[in-house]
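Two complexes come next, and they have one chain in common, subunit A, joined by subunit B in the first and subunit C in the second.
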Partner chain A sequence: MGSAKQEKKDNFSGNIIGEVIRSSSTDFETQCYELYKFPPLGSLVTSDDENPVIGIVSHSVTESMDPSRTPRPRGPGLDNVKSIYDDSPQLNNLLTSRFTSITVGYTKDSSIVMKLSPFPPRILSPTRICNDSELNEFSSNFDFVSRLLNPSIGSSDDVLAAFLDIASGLKPDPEQYLIEIGKEIASLLPGQMRRVNLILRNACK
Partner chain B sequence: MNSEERFEQLKKNVNSDEGWSGIIVGGSLSDGLDVRLSADSSIESVKVGRLVTIQGKSHKFFGQVSDVILDSSDSNLSAHSEEISNGMMSEVAIGTAAYGLIKIQPKLSLDTDDISSNPQAAKTVPPHFSTVAASTHADIEMIFGKEAPGKFWIGSPLDMETKLCLDINELTKRSNGVFGKSGTGKTFLTRLLLAGILQSEKAANLVFDMHSEYGWQGYSETANHQVKGLKQLFPSKVAIFSLDEDHSKRRGLTPDYVVKIGYKEVEPEDIEILRESLNLSPQAADAAHSLFRHYGKNWLLEFLDISGTEAFNSLSGQLNVNQGALSTLHRRLREFRRFEFMDTTSVHDSVNQILRYLDRGINVVLEFGKYGRDTDAYILVANLLTRRIYDRYAEYKERSLSGIGDEPIPLVITIEEAHKYLTPELANQTIFGTIAREMRKYNVTILIVDQRPSQIDEEVMSQLGTKLVCLLDNNRDVDSVLSGVSGQRKLRSVLSSLDSRQQALLFGHALPMPVEIRVRDYGTAESYKSLGFVDTKSKKGKHQIDQDKSDLFGKNT
Partner chain C sequence: MSLDLNSTSQQIQNMSKNISARETDRLKRIETAVAAANDFDLKSYEIVRQNLAELGRTTTSIKDSPSKTFFTPDLPKNIIVAAVDGSHIDVDRHLAAQCFLINIGSCLIKYGDDPYAELATRPTLYATDENMVIKSADNRTQKIQGSVLGIKRHIEELKELAKLINDIPKETPSCLFLDGTLFPVGMSIFPQFVRDQFYDDIKETMTFLLTESSHRKMSVAAYISYPSHSDIVESLRMLICDDIAGTGICGGCVEGVKDRDIFYKLLGPDQRSPVFVRKTTPGHNNIACDIGFFYVKAGNEIVRIEMPYWSVEDNDIIELTHGTSLDQSKRGPGYPTVLIEAHEQAIVTTADRESFVELVELSLNANGLSTPTSQKNISKRLRNI
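Right after this comes the complex of A and B.
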């Protein structure tokens, strides 16, 4: 393994949380390495290969690895869920955590392009959570908003709100940021000020 | 502005330092354009009446803000106003869902591809999304012209400091009117116009100065002090004639000529025009003609000398005129005896004197002194003199047309209280009515200064080329000044929203488009200077002034 590659791995390996297991032009699904270790809803993630594709986490699921075998309740009388996992380490192999990310852009020549990627991420590409500076850069351009509001991609306003909650936290003046992006949202949702209001309310901590 | 400068200006984009800009989102030529303000515009900085410039594709358009509207793209906005009006959300909503819309009335367009073109009445509209912003100084100059000889700075567009100029040459091609209710600034505006005409040297003024305020010392109510008259500003270009020498002298003025009128100069037509102010029946007024036929030139004096019932009876029989009418006429005309400016000399030289000055391009102001309070005297004298002067101009003009002599310099005759003698009943019979209708046929026009335009004959009103109108609040007066003007409804609201002083709506022949102005200041040292007045006192050197000061106040000041 070349030293450059090694270095990259060191920098980001901490953020790599799983691998792409399903991929399409508009979204991609990642299976987490560890049960429940998925990024919060609204997080910015990227596939970590030659053609990195950027997505926002829109949906997460944890379920049985084998669809034909669903977990059975252990109760009643149980008072600590954590102890069940401690007592039954095999659960980690029977269950799986996955999350879907809506594609909002890709990286080309180390700059962000806010369009659908011409190529969806390849299966088994690592997926990592973007770091603060990536998130900051990405969220400074409002072009992504229209994609998240597009009803055909199956995102919800809550995803946008969750993303804004995370992104605004990095800004020097979070409220100002929300006002500015709020104007963008308002202009994309003419006649729906109530909806705009809800999104912004949910984006405020 | 030379063509290069102008080209630069044409290429420049819209002005954004007024705190707002917008884009066209709809509308029509007839109902005005809808302009959506940009999100960062402050709606409070847009004012109705503001002149705006619209950058179209190949034309620049000029128009005026006619309405400012709070609009929203969300029909439910008011239903949710409670939740939306909270701090952050209201900021988001302003400029997006809730935005400012302004209505623009397009007035002129200018072909930006053709540098030599002039602004034309707008016959189409700029395309969607053209940018709109407040007109700049340069835009105003492009439309109304730059201050120059013949282009007189009359005031500034509302909310702007730019000098708005009036084309004196165009102005004096027709009769004009200055209107406004009492105390709104007609006199001050007129005095400025007269100064403009005087300075242009394109025309000469003859002013029938009812209240003795144009030629020598007017008075400013707001500043509470006297203001200079035209003679004080332009001593070599103005001659003051007086009907009341004592009055003039008391005010420190030696008139250039004291006007007298001979009884023999009064003709029946001069009585006709006084019919309303003397409250004469048509029969009584007609009797003057009979008297003239009977006595000849000296009819008035002979008639006034009659006394005793018998004498009246026999005269009435001779003339075949109703005796009642005759004695009413006698009673009314006896009032003329009070007029000290009237005497028995057969022919006075007043008309010749006036013409002599006018011929040399010197403006003549006739002060009425105490007779200014007497409408009869004013009408009698103004009418009598004008009729004769007009006849002479007609003569000059006709001679010059047949190649003998020069054309007379255009004459502008300023008259006040026109609503008392340019009424529908009398307008046809007065010389002023004739002049107004003729459009400078004989190089004579009138400038009417009046507060009750509705009582002036409609036809006379419609003949006025340019109207300069201060605040009017009587509906009939507003109707009469606006009759025949396009876009009346808008102008009407403009007129009624003018300040009660020193603001005016100008429209008509001498202006490419109607415009409201704040009238140029008159009465300060600075204002005199800007009119070209050189204060001989201030010619003293700095040293001399310092010396004067220390003489007066001691060394330390």
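Right after this comes the complex of A and C.
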């Protein structure tokens, strides 16, 4: 039992991509260990501490670590962006990639609860990308949809579409999955069929 | 009440007029110095120099005419550059705790295959009698603060630079940079036992660097932007100034001219001057303060590069230093990238200083100690009217 738990932990640790640097009841921000190594928009992630909080990536940013030092263009004359980073390897130390995750649930007693967590993640909790089985389990329940459609979230429809694109890819019948969740979205957005269609169309790309 | 800018502005204008009135004369003196460099007679200079050296004067050894120029060498594809810089928080007598802090920033960049960079900062608090005071054998003491702390910090920077060698593979050519002069200036005003202590520290580090440089291709360079030295101008004076051999007072032929003024005229873009050597004790090598130096035209300014004296016999190391200094300056742009990043790591901002004071007071309070401070300090914080 102990070794199985350890094995599970080892598998998870491979997916750890950064640590929480800001957290609130509704979202949390993660700083990546490596520049540009953030998960794609719509990815399901979790804070990896004693009260794991589950989030969907809604926004990513790469910028200077020091706000008073902005990047300056290196060209013209350099072939491609890779050569710029090879030529100035310190950029990897001076820039930072971060992403914000909308809180969509938490884990309690090994079960997913689709509500806001009673407590936000602790600062410096590791953040990891959820594995396929966790994503499958999470996306089988549609309760998260209403949270993502919250108008306070910037580009919420695109974030939802990006999540559905990733989640549907794991389903045996992606099309059927999108039809079923489309009904849920339609029920939450009465009279907004064009918007619903746009979300589903973006999820199919 | 803030600075009265109206009153100050008038004084600044008067200053500018005075400088402008003297400019024509200054340009003439630069032309005189440049002409002297072009006509430099190595043999005559060496005779004069040896005479002065025998009198105990520190002189500059010149083996090539100052007007000789050297083109930029090619750099190896794989190279490592490293640099350190430092800042400090001085002892504040208004604080409840007597202490000072030295913060050393470092940067190491590998170019070529598998490029990478390492940035680090290392703060060290000095708060005990043992490390806040220099003691002589006969129990005389010197507190480390003010200008003494400045020298102490310089030596700590040198030590940190030496430590960076551990992170550099032996087979990769490297250039280690310091900001400013290679050896600290201004030590002559300190008591002998303080100077001895500092010289011993420097000697230990330089001996380590000398040993390391014997089995790897490595240069140590102190990068001085917009230098105000006049070693070469002083050497020119020895040949052209009639008064020098007598009273030692120049009649004004090249007075006020800096080395950078003449090398700005003599050097083409990216070119360097010959390497000159400044020895403090004629006929002897002093590892703790003898240097080689050259000037290089990097972009719009003349830069002075100082190297340990042992480097000047190795042309490969001179070329490595010349090429790396220029390359780094171009990457900056204008000032070496590696020094910029080391500086950014070292810098202690005003906010940092305030946080430091708060941390000290909080820590003392947590240990049951009160934190009395001077009324002057309290009035500065409150700024009541």
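Here are a few things to note about the model shown:
The definition used in the following text is that the second predicted complex is superposed on the first by the 193 of 205 C-alpha atoms of A that agree within 3 Å, B and C clash if a C-alpha of one lies under 4 Å from a C-alpha of the other, contacts with A are read in each partner's own complex, and residues count from 1 in each chain.
Criterion: a contact is a pair of C-beta atoms (placed from the backbone, for glycine too) under 8 Å apart; a residue touches a chain by one contact, two chains touch by 3 or more.
Note that this is a predicted model, so its numbers are computed, not measured.
Annotation: superposed three-chain arrangement on subunit A; subunit B versus subunit C shows no clash, the two fitting side by side.
Number of subunit A residues touched is higher for B, counting subunit B against subunit C.
In the superposition on chain A, contact of A:V61 is made with neither subunit B nor subunit C.
By the touch criterion defined above, A:R69 lies against subunit C but remains apart from subunit B after alignment on the C-alpha atoms of chain A.
When both complexes are overlaid on chain A, the residue A:N93 reaches subunit C alone and has no touch with subunit B. In the superposition on chain A, A:L124 makes contact with neither subunit B nor subunit C.
Aligning both complexes on chain A leaves subunit B and subunit C separated at their closest CA atoms by 50 Å.
Of the residues of subunit A, not a single one touches subunit B in one of the two structures and subunit C in the other.
If you check the complex, the residues on subunit A that touch subunit B are 175, 178-179, 182-183, 185-187, 190-194, 196-197, 200, 204.
Subunit B meets subunit A in the complex at residues 39, 73-77, 80, 83-84, 88-89, 91-93, 95-97.
Those residues of subunit A that touch subunit C in the shared complex are 66, 69, 85-90, 92-94.
Taken in their complex, subunit C has these residues touching subunit A: 107, 109-111, 115-119, 331, 337, 341, 344.
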